[in-house]
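All chains are identified by letter, namely A, B, C and D, in their written order; residue positions are counted from 1 within each chain.
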Amino acid sequence: MSSNTALLLIDFINSMDFEGGENLLENTKDIVPDVKALKQEAKSQNVPVIYVNDNFGLWQDHVDDLIEDVKKGQGRPVIEELEPSKDEYFILKPKHSGFYGTQLDILLQQLEVEQLIIAGIAGDICVLFTANDAYMRGYDLWVPENTSASEHKEDNENALRIVKRSLQADISSTKKCSIEDYVRNEKQ
Amino acid sequence: MSSNTALLLIDFINSMDFEGGENLLENTKDIVPDVKALKQEAKSQNVPVIYVNDNFGLWQDHVDDLIEDVKKGQGRPVIEELEPSKDEYFILKPKHSGFYGTQLDILLQQLEVEQLIIAGIAGDICVLFTANDAYMRGYDLWVPENTSASEHKEDNENALRIVKRSLQADISSTKKCSIEDYVRNEKQ
Amino acid sequence: MSSNTALLLIDFINSMDFEGGENLLENTKDIVPDVKALKQEAKSQNVPVIYVNDNFGLWQDHVDDLIEDVKKGQGRPVIEELEPSKDEYFILKPKHSGFYGTQLDILLQQLEVEQLIIAGIAGDICVLFTANDAYMRGYDLWVPENTSASEHKEDNENALRIVKRSLQADISSTKKCSIEDYVRNEKQ
Amino acid sequence: MSSNTALLLIDFINSMDFEGGENLLENTKDIVPDVKALKQEAKSQNVPVIYVNDNFGLWQDHVDDLIEDVKKGQGRPVIEELEPSKDEYFILKPKHSGFYGTQLDILLQQLEVEQLIIAGIAGDICVLFTANDAYMRGYDLWVPENTSASEHKEDNENALRIVKRSLQADISSTKKCSIEDYVRNEKQ
């Protein structure tokens, strides 16, 4: 399938070593199987997979070092399930939004992407603000309700409500909508 | 009082001529007296007042024309209460966030502003995303809970919760905290 | 003619009241007739005309006030020849490049512009740096050698050489290439 | 010495495998000893060294892979002299300017840098446009005339002239001005 869609995976490479990190880890574990399946579907459909991940204060574009370092934290079980491979894009971000201080927008233009599927943590911070920056730049958005997690479930739902209302995003579960369905609908 | 604080007034110059505009108008009318008092206090304290407002598709920096045009809509009662004067800054924004595609950040740096007070509509869209962009750029934030409004009150509360939690902003009511208090606390 | 081309007029609304302003004024007067003809051709071809102009420290989007104010300077003869009308776009820029801290890029995307014709002053500062930012964003460029001016003629030629070599821009004179020719060549 | 100065090294990690690359390589070899000495002085003075380098189309933040790959080109002798170590910053840039689509500005703010020393290639492209973006963001600039190189020497001199005139940068040779001198002068 040829498409102009990409999948963003936000901040899954995460030490979780901060206040509230245990809650976030528990909620993230719940979504990992669905995220893994989504990533697998993306790869089978030749939809580019782009990790967009906090730089954890390293400020250097040495991704391999970052992953090794972050794995020492309590987020290790999530990282092991969603570890990036070298044929996937990996972009470090210095702040909340994946578009602020990164080459993400330029990469997406080069790949001729017009539609973004966004999965990640935390739903009420980095996913929300990346989605907003994507919306302002004109991307169509699908932020599946079952592939983002926050420290508190109520906050994740609130954020999804804003994403749906304010950014006119699709938030259908990946259990009801496949990437193939999404791309077909957008093309109409 | 010398300070490095500025007051942003987001999207009050608004036709309200869109779906849901009547609800937003009603909720905005409720906050107008508190916004007006806040603006008055800012002026008395020499805190710069900066309107940051949707360009309503005009894409030209003719603010006077824009205000006249927008006043024809149902938002007129709000505009009349909060009309800008020529000694206040007025910046047009093309999208949700006041920082995207505008000279706001450069103006704030020139004014040596480090703390922002943000009031505006809608709380769950333009105020939220302007606050986030401000936070990523390192500004300290006060987003008073009684000077923003959204189409639905529940959404305004949700957005304020995100602003407080994710952006570490103060959301105290202006009835409990004055600009003078806020500036004094930040300086400590 | 349908096209995805726009004409940028950089900093012609200029007081010229600065050190070196007299030289710049003399050199600008030499190009005004060609710029005026280029603008006329753009209008006759429905190519959008976008003034992108220094804010002269006003930091407010009141274009009419700015023009009145700037006209008091020695640049008045140039302004009178190239005065904007209300059906043309007018964007204020706070710094050298027309893309930094402005809504220019968003406007160009909305107009579906892919090719830019750039005329303006000074050729070795604001024209050069606007052209570079345009090139990095993927626009094709025509910077006619007879519609930019600098304080020193040698510097203008140097800047044009960089524009041609580093930004792969066309620098043909408008006497040898019309807008119609340019658009036709680009479409091939 | 405590300072708020940083040294940017632009595009030295370069395959040189492009048209004109041989000329650029020859001219770059001439400046390598002075660049190496400048880098050494920076390190001895605790001035942060920040490589800002083309991503060579890899669009992934795997710096180690990039360096290995680029070393296969004819630029290898330059890379071997100026190879980055892990205690130096390394930022990938997708386009000409080191500030476009990168975390450079955010890193500099975090390091509280106000003055930049810029060395690199090519002087009439990436060094010039990085210097301009730095100037628009308020950094004081030193672009030593003996630590940048271009494909043609005349173009390098032209670019330096623009940097000096338009960006008010110091272009003194490192043989006449040390980092210590520069920092002392700026502090006055």
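In the analysis below, a contact is a pair of C-beta atoms (placed from the backbone, for glycine too) under 8 Å apart; a residue touches a chain by one contact, two chains touch by 3 or more.
Since we're looking at a predicted model, the values are computed, not measured.
S.K.: Hey, what chains does chain A share as contacts with chain D?
M.R.: none
S.K.: Counting contact pairs by residue number and requiring over half to coincide, which of A-B, A-D or C-D is equivalent to B-C?
M.R.: A-D
S.K.: So the centre of each chain is just the mean of its C-alpha atoms; given that, what is the distance between chain B and chain D in Å?
M.R.: Taking the average C-alpha coordinate of chain B and of chain D, the gap between them is 40 Å.
S.K.: How many angstrom between the C-alpha centroids of chain B and chain A?
M.R.: Going by mean C-alpha positions, chain A sits 30 Å from chain B.
S.K.: Which positions in chain A touch two or more other chains at once?
M.R.: Correct list: 95, 100.
S.K.: Using the definition of touching given at the top, classify the network of chains in this structure as line, ring, star, complete or other.
M.R.: Its topology is that of a ring.
S.K.: Go ahead and list every pair of chains that touch.
M.R.: Every touching chain pair, ordered by label, is A-B, A-D, B-C, C-D.
S.K.: In the complex, go through chain A and note every residue touching chain D.
M.R.: 55, 59-65, 86, 89-95, 100-103, 105-107, 110
S.K.: Please name which positions on chain B make contact with chain A in the complex.
M.R.: 95-97, 100, 124-125, 128-129, 132-133, 135-136, 155, 158-159, 161-162, 165-166
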